Amino acid sequence: MELELLVALTIAAALFGVGLYGSLSQTNLVMIIMGVELILAAALINMVAFWRYLHPDVIAAQMFVLIIMAVMAVEMAVGFGIAIARFRSRGSVEMEEARELRG
Amino acid sequence: MTALAQYAILLGLTLGTVAFVYAVYALARVIGRVQPEPGKDVPATAGTLSRDPVWVRYHAKYYGYALLFLAFDMEMAFMYPWAVVYREEGLVALLDMGVFLAILFLGLLYGWSQGALRRQ
Amino acid sequence: MIGARQGALSGFRRLIAGAMARDLCVFALPGIDVARARGIDLRAANLRLTITPRHASVLLFLGSLPKRLEDAAVVAYAQMPRPRAIVFLGAGDLPDGLHADVIGELSQAGLINALDELTKIISEGAFAAQVQEFDAPALQTRIEYTCPMHPEVVSDHEGNCPKCGMNLVPREISAGTAHAAHATPEQEPAMPPKSPPQATANHDHSKHTSAEATAKYTCPMHPEVVSDEPGSCPKCGMFLEEVKGEADHEGHDHHHDHSKHTSAEAAAKYTCPMHPEVVSDEPGSCPKCGMFLEEVKGEAEHEGHEHHHDHSKHASAETAAKYTCPMHPEVVSDEPGSCPKCGMFLEEVKGEAKHEGHDHSGNDHSAHQGHDAHASGASADGIEPQFMSMIELTEGQPVSPDGLIMEWIDVPFGPFFPGLPGGLGLDMSLDGDSVAKVSAHSLVSAGELLAEGATPPEKFVERLAAMSPLSPVSYRQLACLALESAAKQEVASSDATARAAAVERERIASHLGWLANLGAQTGFAMLERRATNLELTIRDANMDHIAALDPEIASLLARLRKSHMLRDKLSGTGHIDHCSATSGPVARASGKDDDARSDDATYIGLGFATVTGSGGDAAARLEQRLAEIEQSCELIAKAEHLSLPEPAKIGAASGEGEAVVETPRGAARLTLTLTDGMVTAADIGTPTAAHFTLIEAITQHAEIADALIAVGSLDLSPWEMRP
Amino acid sequence: MTIAIVLLAVVVGAYLVAVLERWSVHGQFSLSGPAVSALALLGRESLLARTPDRLFFEAGPILLLVAGLLGAAVIPLAPGLIITDLATGALFLNAALAYVLVALIMAGWGPNGAYGLIGGWRFLGQFIAYAMLIVMPITAVAMRAESLMNTQIVLSQTQLWNIAYQPLGFVLFVVAAMGLAWLPPLDLPSAPGDLAGGVEAEYTGVRLGILRLARMVIILVMASATVTFYLGGWLGPVLPAWAWSAIKTLIVAALMLFGGRYVPRVREARYLAISWKLGISLSLANILLVGVIALVVPI
Amino acid sequence: MTLQVIFLAFFGIAAVWFGVVVFRTHSMVRSALALLFSQTAIGAMFLVMQAEFLGVLQIMMMATEMSVMAIFMVMFMMDPGGMGAMDMTHQKRLSLRAGAVGLVAALAVIWLPDWGPIAATVPSAGEQIKLLGFELLGRSMFIFESAGLTILTAMVAATMVAIAPQSETANKGARDGA
């Protein structure tokens, strides 16, 4: 009877994989943020699934979900802020071109 | 009615709406098809044939607001559960949320002072 | 009905046709302002006005259109969904290719009769078994391909962009449009190196050789920077040096065999082993490190060429010799080694790494299959050979006030834009939702004042009045005054006063029309409705009637003066400093004491004193027009009669005459020559011409809505523009 | 059965809103007008731009209608007359109506036309302006009702309607609701005077019909949400509950539709600035005020 | 119960599919909205898992945040319309491997252990919100307040890096060369 839990976690794992692939393969800062969003979404599913199927009495799990959502929003705000700053100074948010800064 | 049944109704409503729209489209299709003609399928711009693609990097001048909004919006996630138990918790809730909102409002004030709340 | 839908009219379709006949959505040409000026109230005829031809079912022509507007009318018609009908009011011709379903008289009664007829026609003919495709020369297009990132890259074939390797996307342009007209003017100088504007399509080579070949300038530090004009390098600011590499190309047949000149070309290139970006035409030392330059036989200076040659001939030499740094794609070397920037080993690339800057757009791309294959092979890891630098894309592009570099889109506003006078075309380059650049033109500009040489005075007066449908009385007055001054005739002062009253009546109507436009533009429905009603009434009202309308006008003005939201919307928009060229309410609103009426004896007799405002923004212009409406009401009340100006009998007089009339938009000046009772020469200066030049300044960096309000606040009449 | 009745009510309500809308925009009061227009739109060609994002172009109006109907599903017309009385009804209403934004972005982006594109992105700016003003007053309402369930919210107003309890919240909510339904003077995405139709510009025929229907449903939902949150929902003497809901909703809808006639369109920059600088401060003050009152007064 | 699994799997697959679309489409707006619908599907999964408040919140929050994301995508991505079908990826093989390894590892962690019996009932939606409210004002108060501080930090940081002060904005075009 733990099929529901396994399905939910598998979906989360798949999203994690997709998010990981995306954040590594994309050249653009904004797209990398999207990959990270997917990874965090996978974490959200895990939290909710654990709460629902293992510990429905521990409401702190839901609290944790709220915190992850806040982290998603915060990450986006800061990420886009950096994107704007980088674009303003360099004319690009491509990561390839970001590396040039080192040289 | 269980909660899950309610969600099922909402899902059914969604699918039913889509089905309805396509039924109407089908009816319109029965009435007649679009006559393909030159110039007709180009975006209409006040008597000019505008064929230049407009999907370019768009300068949204409100990005200062958008950045603050992304963060500020999260406040709502915490406010709804708080609002529901507000009367039971009483003064504690008022103070607690007062501090929270004061913190966020501080961020808003900072953004305001730095010129985030304007057309860039 | 010509614009019917395909299908037999039966059963359900009959019901729908009936509904269509009752649901008339009208797109009026050339504009609703002309309809009001002609005394036609579309709402009273139970029509619904639409803001785009897409939502319209009836195209309403208010009189025949000037030639330059005809194409736009054809386009508007073509973009309406079927079934679509054309109603033509007045005399004259429809644009070529269009056929009226109903023709009526240009008046309210004529409109209503026409609509009755139209209702019958639609309910019978909305569907037809056989329909004809509508086509017209104005709709003819051809497809060209362009790179979404490099708008200057234009090709007649599908393929990849030579700059970034992206697929070219098709776009249509009007059959007659030249390529150059489509490239954004701003972007051309920004991208000089890589695309001489000639590098477009299947051009005739003989046409462009000399200009292209002789005029190359390049940066000593950035050989990829090539310009047709001397100047400084957009990357480092150094002076560009002249390159004569291709001077002898002039007049060549470009479909040449490379063996003919490879030696000369290849011999000319020298590069630094450590700084591959250093390329020189002469042997010497590297400006960066002082090393001796080595000879290179690559194609380093090929840019600007047209490659109509067979690539297979030299492909081996080219592709084998390229090495690039995985971290610094701009580092390209002909030999393996380490990157001068980071020291990493250079990787071999068989793609187009150093091809950037070439222009292949004119080539037959089938010859490039080989390159594509290389590209995919090299994409395993590290930098893709097709990797496109965003920095390069944004390099040198115009910067927005907030420091971001975005792309501009060219958006036409007009000639049938709901918020602008009909016939006014604004071509805006938009940076997001704000205006980066604007060019205004009139598509209804007046023709020659004298159509066929010597013109009888009566005809001249009529012609001038007809040429400016938005303020015919003022121009009639202008013509009459000029004629009288040429014939040295005096007008009785009572007549002069009566004429002035007619001009003032028109001023009220015109300002009310402007208010109605403002209402339409800002979505202020109450203002639009009330101003429209008042304008329609007052255009033909007699003295008593005007006096009776006074309270209504006063209440509208009071309501507008109280409207904080309107003031908030207008203030700060379209600010004009004290500007010598302006006249009329626009000038007076910025505090300039300029009114042709103040020198006029008739007006002085009526106790006229110039009203000026301050502020110079759209709010001040609103304030000014409100004050002028009040003033004109007072002037009319003081004048005892009102009559339209009629040219006096001038007999066979000869002479030169000049007159100035303060039209609702400003001072118009007419000079004419009278020879034996016939007008033989005439010249006119209108206020709108000066105001047109303000458009650019007052819309700079404004949001679209603000920009349109700023343009609207000038109260332009495109009819007054001279071609 | 309930579902059918509510859906019927939505259809009738949307039709009446369409009558009102036509009256306010075109000055034609005609009970049959919208039906005639709908039939005519059904019969007209529904054009597709040549290189559009076809998926978005099609999805825009449909998503708009879905969002409106899902919003309508959680609004009580009378005790028991509600499709789904979710425990998070007030929040769900917000969630459904957030997709109005998505739909308009799709509709604006889809046809690759300049006016629509600008209209769509403008609406995003408009959304950023009104979003906080729609959720924060609802929080204050939920504080009083101690629940997010819409029926609970109505019942909490038995003694005193929220319009009297938190008038500030009412004003903010109505203004934000007008922004959400892009009604004049906040009709920035379609702005007839400066965008020539904006997001609606490229829609013709039956697709335009669905878009207009969806818009009417959204106006109706916003009006009835105002009634539910601030005007005591179905509460009222003498008349049956559903009649009160209907009357109040239509009055609010008429106010929203006709209010825009008497003011010019607001500038987007101004709207954003006012919403954030004044609006958010006021709604925080509203929450604080309601918080203090709720601790002191037991109603 | 099986119905729950079916719906869970349905929305889950939708979420993953939209997640894949995010990185496969060339149009940036499609990409952003695909992420949005992926998140919406996750919200629907929450509803299936009877976490009503979280589900509705997720559906609402993500609609707004991803739409805002869409405009940033359009601002900063080359060719946001995707008309040139350009490749915007690098180190594809490495990323694919990393993604696959992550997936396999996660699956192993999921499928190997015995999770024990799953709970049959959960508090009702209304109760959940209340419990969450009490949690917020009780044990988790500091977490909640520190979330507030985090958001404040984000707002300040985003403003600091992104917003050019008025004076700098004035001298436009002052961008140093590459």
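Order as written gives the chain letters A, B, C, D and E; numbering starts at 1 within each chain.
As a working rule, a contact is a pair of C-beta atoms (placed from the backbone, for glycine too) under 8 Å apart; a residue touches a chain by one contact, two chains touch by 3 or more.
What you see is a predicted model; the values in this text were computed from it and never measured.
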If each step moves to a chain the current one touches, what is the fewest number of steps from chain B to chain C?
1
Which neighbours does chain A have in common with chain C?
B, E
Does A-E or D-E have more contacting C-beta pairs?
A-E
Farthest chain from chain E, comparing Cα centres?
C
By mean C-alpha position, what chain is farthest away from chain D?
C
When centres are defined as mean Cα positions, the distance from chain C to chain E in whole Å is 43
Per the centroid of Cα atoms for each chain, what is the distance between chain A and chain B, given in Å?
20
At what distance in angstrom does the C-alpha mean of chain E lie from that of chain B?
15
How many angstrom lie between the centres of chain A and chain D, each centre taken as the mean Cα position?
32
Please set out, as single numbers or ranges, the residues of chain D touching at least two other chains.
42-43, 45-47, 50-51, 86-88, 91, 109, 112, 114-115, 117, 121, 124, 128, 131, 147-148, 196, 201-202, 205, 268-269
Can you list every residue of chain A that touches 2 or more other chains, as numbers and ranges?
66, 69-70, 73-74, 76-77, 80-81, 84, 87-88, 91, 93, 96
Counting only residues that touch at least 2 other chains, which ones in chain C make the list?
5, 13, 16, 52, 54, 81-82, 148, 169, 172, 383, 387, 390-391, 393, 395, 400-406, 409, 411, 417-418, 432-433, 703
So, with touch as defined above, which chain pairs make the list?
A-B, A-C, A-E, B-C, B-D, B-E, C-D, C-E, D-E
Could you pull out which chain D residues touch chain E in their complex?
51, 53, 55-56, 86-88, 91-92, 94-95, 98-99, 101-102, 105-106, 109, 112, 121, 124, 127-128, 131, 147-149
Chain E residues touching chain D in their complex are 27, 29-30, 33, 36, 52-53, 56-57, 59-60, 63-64, 67-68, 70-71, 74, 81, 83, 124-126, 128-129
Could you please specify the touching residues of chain E with respect to chain C in the complex?
75, 78-79, 81, 83-87, 90-94, 164, 168-170, 172-175, 177-178
Touching chain A in the complex: which residues of chain B?
63, 66-68, 70-71, 73-74, 77-78
In the complex, chain E residues that touch chain A
1, 4-5, 8-9, 12-13, 15-16, 19-20, 22-23, 31-32, 35, 38-39, 42, 45-46, 49-51, 53-54, 57-58, 61, 65, 68-69, 72-73, 75-77, 88-92, 94-96, 98-100, 102-103, 106-107, 110-111, 115-119, 121-123, 128, 131-132, 134-136, 139-140, 143-144, 147, 150-151, 153-155, 157-162, 164, 175
